[in-house]
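You will see two complexes here that share subunit A, one where it goes with subunit B and one where it goes with subunit C.
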Partner chain A sequence: MDIEEVKQRAGPREFSPKDEMPEKYRKAATRMIQFHANSEIMGAYLEKPFIRQAPSLDRKLAFSAKVQDEIGHGQLLYRAAESLGIKTRDEMLDELAEGKGKFLNCFHYPMDSYVETPMIAFFVDGAAMRRQATLKSTSWEPYAHAMDKVCFEEGFHVKHGEAILYELMTGSKKEQEMTQEAFDEWWPRIIQFFGPTNEKSTHHGFASEVGLKQMSNDDLRTAFLNAYIPKAEKYGLEIPEEPRISKNDDGTYEVVEEDLDWDEFFTIAKNDYEPGVGQINGRKAAQDAVEWVRESLDSHENRLYGSSQPQAAD
Partner chain B sequence: MIWEVFRQEKSGDYHKHCGNVHAPDREMALLFAEVQHGRRKPTNSLWVTPQKEIGEVDTEDAAFGGTTDKSYRWAMTYNFEAAASEVEESESEQASAERERKAQIEGGS
Partner chain C sequence: MAAVEELSEPDDLTADEREAVQHQLFRLADDEFVVAERYTEWQVKAPTLESDLAFSNIAQDELGHARLWYDLLQDWGAEESELIWERDPSEWRHSTLAELPFDEGDWADPVLRSYLYDVAEDIQLRALQDSSYPRIRDRVGKILGEEDYHREHAANWLERLCEEEESRARVQDALDRLFPHALTLFAPTDEAVEERIDELGIRSEPLVTMREEWLDEVIPFLESLGLSVDDAELPEQYDVHHSQLELPEHTGRDQSHTDAWFDLHDDFTHTYQELGRTSAERIMKDPDDE
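== the complex of A and B ==
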């Protein structure tokens, strides 16, 4: 299949591993799905400490279930990416450990305090789920299948985050203030979650032409703001003055881009942002620590099915 | 090695394909399938099979249901009031299957 045919046929769940896809499509899809898978894994590591630090048993259990889910989503997505035949799961996990694998801007920032958890669990997950819901109709079928399961599980994550936000914002004055401070700090990052406006996004054009991407960053940002600004206000959070956001007559939003720190954003995008480097290395240490498990699984598989196995017994 | 996973939601249902896992052998494939695919969705039973053991024939290779008019084998063709509820049920299942088949043929061309 050539690129022109791909563009012509591009539609929800149109292409699967049995189609012979051009390399350009397979590379673009791999880049997108690998980024998504990496983000699931890095997000899980960001929340892992709160299995211990959450203030009640219910919250600890919920965080534990959620971290389990996110790692599972990573696994599903690496499978969807592998099915494109560009990279293996091992290669992608190694790239993540070596600091070459890219992932969401928000997961480069450390989370130090429990009051920060709803910033990830409600707002970032809410933003991610908005995007994921549109990806149920991506053109790479295995990716869409993964989204079915991810969205099925993700509803709990966002509602759990909302429950924590509600609890903090109806708690003591100090809790409310600390939560507002965390919101002030995270809000610009959450807006940047959707990346720069379309003109600056280098990969958007092709990815949307071949049906991988279903909605532009601007449309996703608008949909997110429409749903989550009222929620934030409902719980008594004040929307920070910057970045300046104004609503157009057609219901879309205008975000003043100069109010956001794009240097930081692009430093993060290169995996050069210092706290994020710490998080990448932290996960690498965990990966190294269980290298022996992977090795024993691999050698077991080689023993059973490897080259030593007779090709034609009779 | 990749293993395809099939999940049966409740006893008596079909096992439906739900994804795949990496595993070095069948025993671990079942374990990983349990963790990955049997944890959140209702699950009564899981099957795993090596991916390379799956065979497939699709609409590119086969004309499922034939290429000629076979209306004679559908209940809707015979214009009589159904004698009993099970006949009526069967006819309505056939009618919706026929609609889906037609939509598929039209959508595919």
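== the complex of A and C ==
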């Protein structure tokens, strides 16, 4: 199939491994799904300390389950990415460890306090859910299929985040103040989740022409702000003065771009932002420390099947 | 075994009976909570995505069991906050096996630890199936069902790791270190109270008998994998046919703990302290209503 035919046929769940897809499509889809899978893993890494530091038994269980879900999403998405025949899962996990794999801007920032957890679990996950919902109709069928499960579980995550936010904002004055401070710090990053406006996004054009991407960053940002500004206010959070946001008559939002730190954003996008580098390396160190187990498993598989193909244990 | 008399409802127990039931419950609840607290350290750090998912399930199962046992301790008015978040670390009764820290990357440890722990848990739960205390008896069945999977998971991993000389050596190291602590799973909280637990029929097997049963199961299995328990120091009290057994300095059960426990306790109560909380948020249904 050539690119023109791909563009003509591009529609929800239109293409699958049965189709002969051009390399340009397969690479673009791999880039997108790998980014998504990496984000699940790094999101899990970021939230993991709060399994331990959750302040009740039920919350601890919920954090453990959420982190587990994210690892599960990573697993599903790497499989969907592998189905494009460009990279294996091991290659993608290696790239993530080596700092070559890209992932969401918000997961490059460290989280030090429990009051920050709803910034990820409510706002960032809420933003991610909007994007993911549109990806149920992406043109690469295995990706869309993975989204069915991911979106279902993300619904629980956002509820978990919302419940924690409610608990904090109806808690002591100190809790409310700490939560507002965390919100002030995270709000600009959350807006940047949707990236710069379309003109600056290099990959948008092709990805939307071939049906991989379903909605523009601007439309997604508007939909998010429409839903989440009222939600934040409902829980008693004050929207920070910057970035300045104005609502147009047609319901869209205008965010004053120069109020946001785009240097930091693009440093992050290159995996060069210092706290994020620490997170990437922290995960790498943990994975290197269990390399001996993977080697032992490979020997086990070789003995059983006489193949050199690495296989995972269950 | 002679038929034992059924114990009364929580509020109608004598002080001695209540103390015995509470000791039994703290043994169970603290073990599950603390071992799960350690297991969750492997989330996002397990060797493969698949092993990460499987081990997370096990941690959550154990946390769920802790929830069931702490819930029974609430029958006498204590809240979760008092039982977990505000209880002094020197009052906990879990085995020291549960609290020991892991070395980075030492996957042999959690695999072996969960094997030693799950075999013991299975034996202890079976001794509670005919408990004279109905509230315990009613919850044992649900928990036992999940333990089969845990043991199978741990045994499969041990078999694989022990096929290779290098990884078997790592399991052996973990065994030398963990085995004495695993024996504390069967150590008494207090000799007199443990005797009362047996006399009242709260459990059907005394600790000594269960420990022998456990040794008879784990030692042949570990030896079949090419591991040696000779190097491990085994305690001699209650000895029936295993000699030279010695317990570590701290058994946990008697409320003496290793330093690692106090660090772990600081860490998991961090948010509760930082936010100045006075209660623990429940988000799931009460187990009695499930």
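Following the convention adopted for this analysis, the second predicted complex is superposed on the first by the 303 of 314 C-alpha atoms of A that agree within 3 Å, B and C clash if a C-alpha of one lies under 4 Å from a C-alpha of the other, contacts with A are read in each partner's own complex, and residues count from 1 in each chain.
What we mean here is this: a contact is a pair of C-beta atoms (placed from the backbone, for glycine too) under 8 Å apart; a residue touches a chain by one contact, two chains touch by 3 or more.
In this text the structure is predicted, and so the values were computed from the model without any measurement.
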| item | value |
| --- | --- |
| Per-residue touch tally on subunit A - higher for subunit B or for subunit C | C |
| Touching partner for A:Lys7 - first (subunit B), second (subunit C), both, neither | neither |
| Touched partner set for A:Lys18, first subunit B, second subunit C, both or neither | first |
| First (subunit B), second (subunit C), both or neither touched by A:Lys270 | neither |
| First, second, both or neither for A:Ser113, with subunit B first and subunit C second | second |
| Touched partner set for A:Gln75, first subunit B, second subunit C, both or neither | both |
| Touching partner for A:Leu297 - first (subunit B), second (subunit C), both, neither | both |
| Touching partner for A:Glu153 - first (subunit B), second (subunit C), both, neither | first |
| First (subunit B), second (subunit C), both or neither touched by A:Tyr305 | first |
| Residues of subunit A at both interfaces, subunit B in one complex, subunit C in the other | 68, 72, 75, 297, 300 |
| Residue ranges of subunit A in contact with subunit B within the complex | 18, 68-69, 72, 75-76, 79, 89, 145-146, 149, 152-153, 297-298, 300-301, 304-305 |
| Residues on subunit B engaged by subunit A in the complex (per definition of touch) | 1-2, 18-25, 28, 35-36, 39-41, 56, 58 |
| Interface residues, subunit C side, partner subunit A - complex | 33, 37, 40-41, 43-54, 56-57, 59-60, 63-64, 66-67, 70, 80, 84-85, 104-107, 157, 160-161, 163-164, 166-167, 170, 267-268, 270-272, 274-277, 280-284 |
| Contact footprint of subunit C on subunit A as seen in their complex | 41, 44-45, 48, 50-62, 64-65, 67-68, 71-72, 74-75, 78, 113-115, 163, 167, 171-172, 174-175, 178, 283, 285-290, 292-294, 296-297, 299-300, 303, 312-314 |
